[in-house]
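Each of the next two complexes has chain A plus one more chain, namely chain B in the first and chain C in the second.
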Partner chain A sequence: MKQDGYYIGIDVGSVSTNLVIIDENDKVIEKLYLRTSGQPINVLIKGMQLLAEKFGKHIHIKGVGTTGSGRQLASVIVGADIVKNEITSHAVATQKTVPGVKTILEIGGQDSKIIILKNGVVNDFAMNTVCAAGTGSFLDRQASRLEIPIEEFGGYALRSKSPVRIAGRCAVFAESDMIHKQQTGHSTEDIVNGLCQALVRNYLNNLAKGKDIEEPIAFQGGVAANVGIVAAFENQLKKKIIIPEHYDVMGAYGAALIAKKEATTSNFKTSFHGFGVANHDYRAKSVECQDCSNACEVIKILSDNTAIARWGDRCGKWSQQTAAV
Partner chain B sequence: MITIGLPKGLFYFEHNMLWERFFKNLGCNVITSQDTNKQILDYGVKCCSNETCLPVKVFHGHVYSIKDIVDYVFIPRYISLDKNEYTCPKFCGLPDMAVLNLKRQVKVLEVRIHTDMFPSETFDSLLEISRVLNIKYSDIIEAFKAASKEFDEYIQNRHKFNQYIKDVSSTKSALSVLGHPYMIYDSYLSMTLLDKLTRRSITVYTPKDIDHETKRRNAYPFQGKVFWDVGFELLGSAFTFAEDKNIKGLIYLTPFACGVDAFILEFIERRIKSHYNIPLLKLTIDEHTGEAGFDTRLEAFLDMVG
Partner chain C sequence: MKVTFPHMGNMYVPIKVLLDTSGIDYVMPPYCTNEPLELGIRHSPEFACLPFKTILGDFIYGVDNGADFILFAGGRGQCRLGYYGDLQAEILKSLDYKVKFVCLDLTNLTPKEILNRIKPLTEGKSILNIIKGIIYAVKTVYMVDNLNELARYTRCREIIKGQTDRLISQFHNLAQKANGYKNISDIINLTKKSLRQIPVDKKYKPVKVSIVGEMYVSTHPNINFQLEKKLGNMGVEVQNNLSISHWITDHFVRKLLPIKFKKEPHEAGKEYMKTNDIGGHGIHTIGCSILSAKNNFDGVIHLYPFTCMPEIIAQCAFSEVQNKYDIPIMTLIIDEMTGEAGYMTRLEAFIDMLKMKSEVATTNN
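The block that comes next holds the complex of A and B.
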């Protein structure tokens, strides 16, 4: 088993942190879906611990890729070979699992994306703008307000007889709309279904506006677990939606695939710090630099009290310091 | 000596040279506010009304930052800069807005420009400046004409894209960045977009690399009609760049809630989709300083154009 190479993909997102190990045949041999809970470093270390306990001694890691909004952070902690944006990572992973995929719908915790592929390359994409309305964290919040476990949320929607209309453009308006509908006596099922419909309507009218949604269509990201949303998509698009096997960790899977491709084509030696990273203490410190009027919020990543990376400065003064070390 | 302050926002990125020369010709001392920074942004957000776009807020921050070290802050009132061309309503009322938002704690000098219907207003406002600064009107006119002439010559000579088009052997790949000048050239507001691209050895072209007439000619579907000047600039640029095979993609930088961009972008998106095969990335900027989301979109776009 030792000779075979394995690759790790890590996706540090706003809501979940996902880790994937793939083998030389691009098969996922392990996947972890952990809640980031606002503490990306701790969760990442926990994930590495879990992987170390299970595989640490037996497998040889040949490459590591990170993605997600915390990709830089993850990269310095575990020692990544490639750092890739989520769009490319998702596109790579989906093409592997859904051959010939033409449209990728992805709804995560804070981001939602649509990726259009033509002839196997990304041809167009869009991400939600400034606001996180209509993403997973909004559903999360509404589920907990209605005291429904998020896992059962979609089931409620499917049991609805007649969905109520909920404003989907803005999360704040959607919430007050929902409360008003509750107060007038609509059933929870109908409201939940209305919310799923609103979220999908908003997605299609904003993100997907003017884009040709052609089959095969893959739907991934944490929200793809929600059967209510899936049904709403199928209903509004009148097309079949494919949920890829590893829908919840596609970003991490893509990052692992990209790392593997890089490792085989450019034949690098991995910069992976080893599973031992889980034994170190990592902390992030944020300092407001006072050297000029930009007052940048500089982040310092400490490993056992030694600074291993800095970023957030516009002038590059701080980030260069550690890059040189 | 009279000290005039020029806020480094909005009109500044297109016309700073004109006004700097004008006041220097008059023998005034000219102070420009610093490049946009967090402090200026904070001042702006604090003193400007809440409903405006970010660049207008930032402009107020610039005014605030120099109001106590200058005698007058110069804020031109651009209404129309050419036949059939009008500015964003915020520009039309900019001097009033600044005075009111800063609770009249700032002394403003303005020059009105309304080329389409009332060109003589410019001279009325210059007369007013002559009165306020106590400088002879004929000297003001002379200073203004000299500055305008110098500025026109500068504009005529800066179009590198025309030369680039002629250079058909060029195989260098390039991108075009579109947007209001005060978005794309303000490195704080643009999250150093131009730097991020040039650091990756990408050649970047912006609307100012194309001459005035070419942009008007290509500003589909508004040629010869009344429209926003920035609309002519951006529609014309988008479709000129889209025609060029060396330009691999267009990036449009827009401030959140810009009503003018809402129209222009829609026209660009539709025509790009029906007539061209060039990728277009829309980047929206607001007050947030976290660059992760911005960089993700940019990196994915660069991956896509290859």
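The block that comes next holds the complex of A and C.
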């Protein structure tokens, strides 16, 4: 088993941190979906520990890719070969699982995106701008307010007889709209369904504005598990929605695929620090640099009290040291 | 009288030359810190756009540090900029600042009228020095923009990354401390010389991106999270369609000449907007995007401050422009957020997409 290569993909997102291991045939042999809970470092270490216990001794890692909003952080901790943005990672992963995909809908914790592909290349994309109304965290918040486990949220929507209309434009207004409808006596099912409809309406009006949504359409990200949202998409688009097999870890899968491609084409030696990273203690410290009037807030990442990375400086003095290490 | 002025990109360099040469005393707010921004946000109406807030912050900083005269360049037209000067003057008054606030409406003023309005500043100063100051300042505008142009060329092509950035930040450090045309132009020329000596990969074919949108956020690196620098370091060649020298050429130089010039971006933009002016850079933004497609740029990045009316209208035309002229356009909206992660993701993804597209295009040919 030792001679076969494996690749790790890590997606550190705002809500979940996902890790996958793929083999030489691009098959996912392990995937982890963990809640970030505002502590990306701890969760990442925990994920690495879980992988180490199961695979640490048996497999040989040939490449590591990171993505997500915490991709830089993850990269210095585990020693990544590739650091990629989420759009590219998602596009790569979906093309692998849904051949010929033309439209990718992705709704994550803080971001929602639409990716349009033409002839196998990303041709256009959009991400939500200043508002977070149409994202997973908002659904999460509403589920906990209504005391419904997020896993059952979509089921509620499907049981609804007639959805109530909820303003989907802004998270704050949507919430007060929901509370208002709830106080007038609408059933929870109808309100949840109304919310799903509103979220999809907002997504299509905002992100998909002026774009041709052509089949095959893949829907991924944590929110794709919500059957209520899927139904709302199919209903409003009048098209079939495909949920890829690893819909919840597509970003991480894409990062692993990109790392593998890079490893095979440029034949590098991985900078992976090994599964041993899980045994170290990591901390982030923020310091205000006093060297000039910019007064940048510099973030220092410490591993057992030695600084392994710094960023946040405008002049590049600190971040360049990281590159040299 | 001691004057203060707001920052906008490299504008402080020619303004310093002007004031130094004319012998006018001034307070310059710090170039790149958050203090003025925080002051501005605290005293601005919530609905105002970011430029309003940062400019007000610069004023307050200046007045706190001894200035008693404010010179602001506003404009007419349909956008809110038209009443911003008055609003800022009122806010300063309500904060009990004793300061003379002169707002120049640059859309219609002739140079003579401008001189009339700033009389309290120029009283007792030699007319010759003021005229000299204006000529030097205009020259400096073109020199600085030229320097930036060169930096855009070297940054994406340099073999050792970071050399251009170091020279440019050194330039700003020196320029902020230097006084007078002679010293400042020496610094510009020296930087230019050093930039030319940076070893570059001449065969490198960079992805080319054109920046369009609202002028303040497009030219002020502290507000647009150093967009040009970030793109350049990703190996992208940038063209910024908004610079002070473009603006001066359009508003003053061409107006003074007897020949009528057609503003190309305006003409091109009229395809989607059947009016002459919606204020701000609305038509200019659309026009520049179309021209960028015609001039074989790979993509366009559109920048505007949150709630900017003319740019929101311009943005509506983009899905048509993208399809008809086959050019990807990405809009980034700038507000008080200082977290850069979201912008970086979008930028990286956009550039990745442009690179992949151009790769596919070259293999197909």
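In this text, the second predicted complex is superposed on the first by the 322 of 325 C-alpha atoms of A that agree within 3 Å, B and C clash if a C-alpha of one lies under 4 Å from a C-alpha of the other, contacts with A are read in each partner's own complex, and residues count from 1 in each chain.
The rule is simple: contacts are C-beta pairs under 8 Å (C-beta built on N, C-alpha and C of every residue); 3 or more make two chains touch, one makes a residue touch a chain.
The shown structure was predicted, so the numbers you read here are calculated from the model rather than taken from an experiment.
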Item checked: chain C versus chain B on the shared chain A, clash or fit after superposition -> clash
Checklist line | First (chain B), second (chain C), both or neither touched by A:100 | finding: neither
Notebook entry, point to check: Touching A:119, do we find chain B (first), chain C (second), both, or neither?
Noted result: second
Notebook entry, point to check: Between chain B (first) and chain C (second), which, if any, makes contact with A:210: first, second, both or neither?
Noted result: both
Next item on the list: Using the superposition on chain A described above, determine whether A:69 touches chain B (first), chain C (second), both, or neither.
Entry: both
Notebook entry, point to check: Once the shared chain is lined up, is A:85 touching chain B (first), chain C (second), both, or neither of them?
Noted result: both
Margin query: With both complexes overlaid on chain A, does A:276 touch chain B (first), chain C (second), both or neither?
Written below: neither
Item checked: Interface residues of chain A shared between complexes with chain B and chain C -> 69, 84-88, 111, 121-125, 127, 129-130, 210, 293-295, 314
Checklist line | Parts of chain A lying in touch with chain B, wherever the complex brings them together | finding: 69, 84-88, 111, 121-127, 129-130, 210, 292-297, 314
Item checked: chain C contact footprint on chain A (complex, rising order) -> 69, 84-88, 111, 119, 121-125, 127, 129-130, 209-211, 293-295, 314-316, 320
Margin query: Which residues of chain C touch chain A once you look at their complex with the stated criterion?
Written below: 30-34, 162, 165, 169, 226, 306, 318-320, 322, 328, 331, 333, 335, 341-342, 344-346, 348-350, 352-353, 356-357, 360
Checklist line | Residues of chain B defined as touching chain A within the complex | finding: 34, 37-40, 188, 192, 256, 269-270, 273, 279, 282, 284, 286, 288-289, 292-293, 295-297, 299-301, 303-304
